[in-house]
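Chain lettering (A, B, C and D) follows the sequence in which the chains are written, and residue indices restart at 1 in each chain.
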Amino acid sequence: MTIEKRTLKKEAVGEFINRLRAGQWQVVAPKKKDKQVTFGEISGAEDICQDYVQTTQSAKGVLFPRVEELFRYQMQENGAQILEREGPPQGTVIFGLRPCDAAAVAPLAAVFTWDYPDAPFKKRLAQTAIVAISCHQADEYCFCTSVGGSPGDTRGSDILLTRLSGGDYLAEIVTEKGKRLVELAADLFTVAPKEEKEKNLARVEKRFDAKKLAEKLPGFFDSPVWIEQSLRCLGCGACAYVCPACVCFDIQDEGNEKRGRRLRCWDSCGFSQFTLHTSGHNPRSVQSQRWRQRLMHKFSYQPDRLDVVGCVGCGRCSRACPVDMNLLEHLIQIAEG
Amino acid sequence: MSEFEPRVVAFVCNWCTYAGADLTGTSRIKYAPNVRIIRFPCTGRIDFMLLLKAFANGADGIIVSGCHPNDCHYTSGNFHARRRWIMFRELLDFMGIDVRRVRFAWISAAEGAKWAQFVNAVVKDIRALGPYQHYRQVVGAGIQ
Amino acid sequence: MSETKEKREAKDAAMAEESNIYRPYLMRLEKITDEAPGVKTFRLKFFDEDEGKNFTFKAGQFGEYSVFGEGETTFCIASSPTRTGYIECTFRQMGRVTTALANLEEGSVMGFRGPYGNTFPIDEWRGKNLLFIAGGIALPPMRCLIWNCLDLRDRFNDITILYGATNVANLVYKYELEEWAKRPDVKLVTTVDPGGETPEWKGQIGMVPPVLEKMAPASADTVAIVCGPPIMIKFTFPVLSKLGFTPENVFTTLENRMKCGVGKCGRCNVGKYFVCKDGPVFTFAQLKDLPPEY
Amino acid sequence: MDALRNKARELLENKLAQVVIGYGEGSLGRVRPVFVKEPAAAVKLVYDGRCLQNLATYLLKPEVKKMGKIALVAKPAALKTVLQLAAENQIVNGEIIVLGVTADGKLIDFPDFKAIEAHVAASGPDLSPEELAVLDRLSHMSVEERWAYWQEQLSRCFKCYACRAACPLCYCTRCTVECNQPQWIPVPAHDLGNLEWHVMRAMHLAGRCVNCGDCGRACPLDIPLNLLTQMLVKGVGEHFGQRAGISATLDHALSTFKPNDKENFIG
């Protein structure tokens, strides 16, 4: 579908959100709460916070919640009953996230839809629309251009808004779903603006080539660089849980012999227990092996198996890390090593 | 709906309070049936997490009772427990968990009457406080 | 291996198009056999008859067995695909779920998800000799394969089975070992580690690798299948290569921590291969180019 | 800072230590832990107001212990951590070299734990007036308000365990949260799982925490977790008069007792 260009006036954004909410869409957007900007449901445009480089957490929770019920069971005299919740009742519009987060839907969907389709994820994806806003500021942690993205990238978005110099937005309607959203408020979207999009975007320098890195990484399996880099890593799960592209999960049962439920919850390859066998054998027993797995998975295995890079260069993991494990710096060290 | 019947869970030590409760029974003293008694070798063996487990499973009030200081069958179990409860009670209060619902006592094997009075008093207070909705809303929250 | 994978995945994917892939079949626990201290074999029947009828699997595939309220655990399907109407699994009581499994009685309800993973390429072994080498609790994946081959006995030349365990009590499937011993068309050698024998023990005494060396089976036109603890595999392969077995002709199964079993939860990978999708069956040639991460 | 660098270079040159754990420049003006092994690299060490992380958390990591004798750049709270770890028999006198750095950046070389004890004894109270003020403000809220405050904070937690990973005293090889027979603390990050996890974490640090504040700083979601342990540090001091991290011999409040411990709630 060719991308249609329109203009969305600055003052029309509030109305657009009200139309969305009237159209049975729940709208989630970045909101400022104490020192952190994080995604939450909004009732109007005034709740939206715009002056930040990147939110602390990604909007991944909308598509892949941190705790999700797979099914509920009820034991009976002869047998058991397995009940499943239907999908989220209301559609959700994720409004105002960055293009790199929108691009992060691709690695998520790649894992959840290859081979056996993951029904819970597919239901949520079908009922989610993404209205992204291009980046007008970036910092040294950002490296979207090195992994195939850019501050104005339309991949993954249904509508991409770019704030122009006058404050109005260039609206690029990318997908059918985007078109359906625009139809809810067609009068607000006027003819395409003259102004160039590129000069309103942040500058993010390309620091390495993801393809070359993917070819180089297998050769680094036994290199001491992993030990050197991961000495200060504490083995917590912060990087995996703020990452918009991390999909590893755990399945846990909660309940008793009468009733209960099976839950899917986030997990991280950084934890020591992630691959621990009940016999005590652990194929990845030291932190350097886990740090290697994290990078190999995102930059070598996933591109190789599902031809999608497991990272969108949003820089959240480096910002959230308590000991400043700067992913970009370590990737460059390997790319040039 | 009939009057609210609180569910009270009692963690008691085997040598003193449990025996005391036995004595209450053998001396035919009636007391509120709302209490469910769980026996432990000693108050020192009661893990503080069990109180939270009781609340999560629907308890409205909790009783913890054991031997008087210096009477502990294991000499120092109740002393350690006392320190643990002093700190745990403060932590619960600090986190906003209603400590009026957690009642502690020393009840020896001979104090059958005291056990009955104590249980009746606790059940009356908890009935006044009503069901512990706050905690029960936490169970199952945060799951999509 | 990849050719059959595509075909099978297309079928499975179509079948599982909309259904929740984490929802297990309901199974009734038919029979429990105590194999060894802490080791049990379960025979499971499908609650839903037609689910049972159109359930098919191949030797080497595994499943996720769940005890509701405790969790899921991963074992291979130990019964042969040629025997329909039920599936069997053998496990040792070790962790949370296996302990819950061990506490179940006959008639209880549990769950099963599968079949997952790839298979032993039995069709390619037509007319060859088969050498099965198993250690301890790793006989179950082999047993499924052995019975599968024995039910199609005429397709293969001679079949040799070498099975070792730490001591006599730890030998699993004791009745079937006797059955195999009586069959003229199967050569069975059982061994126990030195010191594990009992006075009336008639089999060999010694670890699997030295006993294999003594047996010195011919490697011409023979396929070897090895399953056992990592230490046994490490010492068995040099013996096999000395006897002339090429890495492509030696198969084994890998085990890794698993949760989803369908290549999603990112846990069971060895290098870029998922043990649950590209395995559990691997040839030694593949093992060589896998990073030492299993 | 130069005194620190010279000292580090000297230790490495005459093989008194195989690695110096200190702070180095990180990204965007941050500092990060650095492991200096060559004398020439000692120049990377920095010390200023940004250096807040308690580096003692690396003392018990197997990969670090394998590197040989450790010299630790220890900010004031880290000194107390070293004493508490010694009190809990995790490190032995002389096993590590402690390069103490005072609040104003002066280097103190401690020969042994006794010297550290003297230095710590001379330093101020465990809780600063500001920290006490925050605890006071919270204690004046009603029970419902405190419950609402903590529920709102803890329901944001996604159980990344950065608080546990950053805490030097959370060194158990098998943490209770990793035991699943029985599943003591629910694994998923739902509200109940978070509440039970943070209550247990705080209680297991009661009488041990030296209030270095790393749990609150490490939390990627800025949940003020250090308030929980700070409140317990204050409580242990008030009720039992004991303090963690002031002596290398064990004086653990919750595994000792006095027959006449005071309380006002046991019927």
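Here are a few things to note about the model shown:
Going forward, contacts are C-beta pairs under 8 Å (C-beta built on N, C-alpha and C of every residue); 3 or more make two chains touch, one makes a residue touch a chain.
Just so it is clear, the structure is predicted and the values come from calculations on it, not from any experiment.
In terms of Cα centroid distance from the overall Cα mean, chain A ranks first.
The chain pair with more C-beta contacts between its two chains, of A-B and B-D, is B-D. When every chain is reduced to the mean of its CA atoms, the largest separation from chain B belongs to C.
In terms of their C-alpha centroids, the spacing between chain A and chain B amounts to 47 Å.
Chain geometry summary: the mean Cα position of chain A and that of chain D are 33 Å apart.
Inter-chain spacing, taken between the CA centroids of chain B and chain C, is 51 Å. For chain D, the set of residues touching two or more other chains reads 183, 188-190, 193. Within chain A, residues 67, 250, 252, 254, 263 each touch two or more of the remaining chains. Shown for chain C are the residues in touch with two or more other chains, namely 95. All chain pairs that touch, listed by label, are A-B, A-C, A-D, B-D, C-D.
Interface residues of chain B facing chain D in the complex, by the touch rule stated above, are 48-49, 52, 56, 69-70, 76, 79-80, 82-99, 103-106, 118, 134, 138-143. Listed in rising order, the residues of chain C touching chain D in the complex are 95-96, 99. Put simply, chain B touches chain A in their complex at residues 142-144. On the side of chain A, the complex with chain B involves touching residues 65, 67-69, 88, 263. Across the complex, chain D meets chain B through its residues 138-139, 143-151, 155, 184-185, 188-196, 199-200, 202-203, 206-207, 228, 231-232, 235-236, 239-240, 253-255, 257-259, 261, 263, 265-267.
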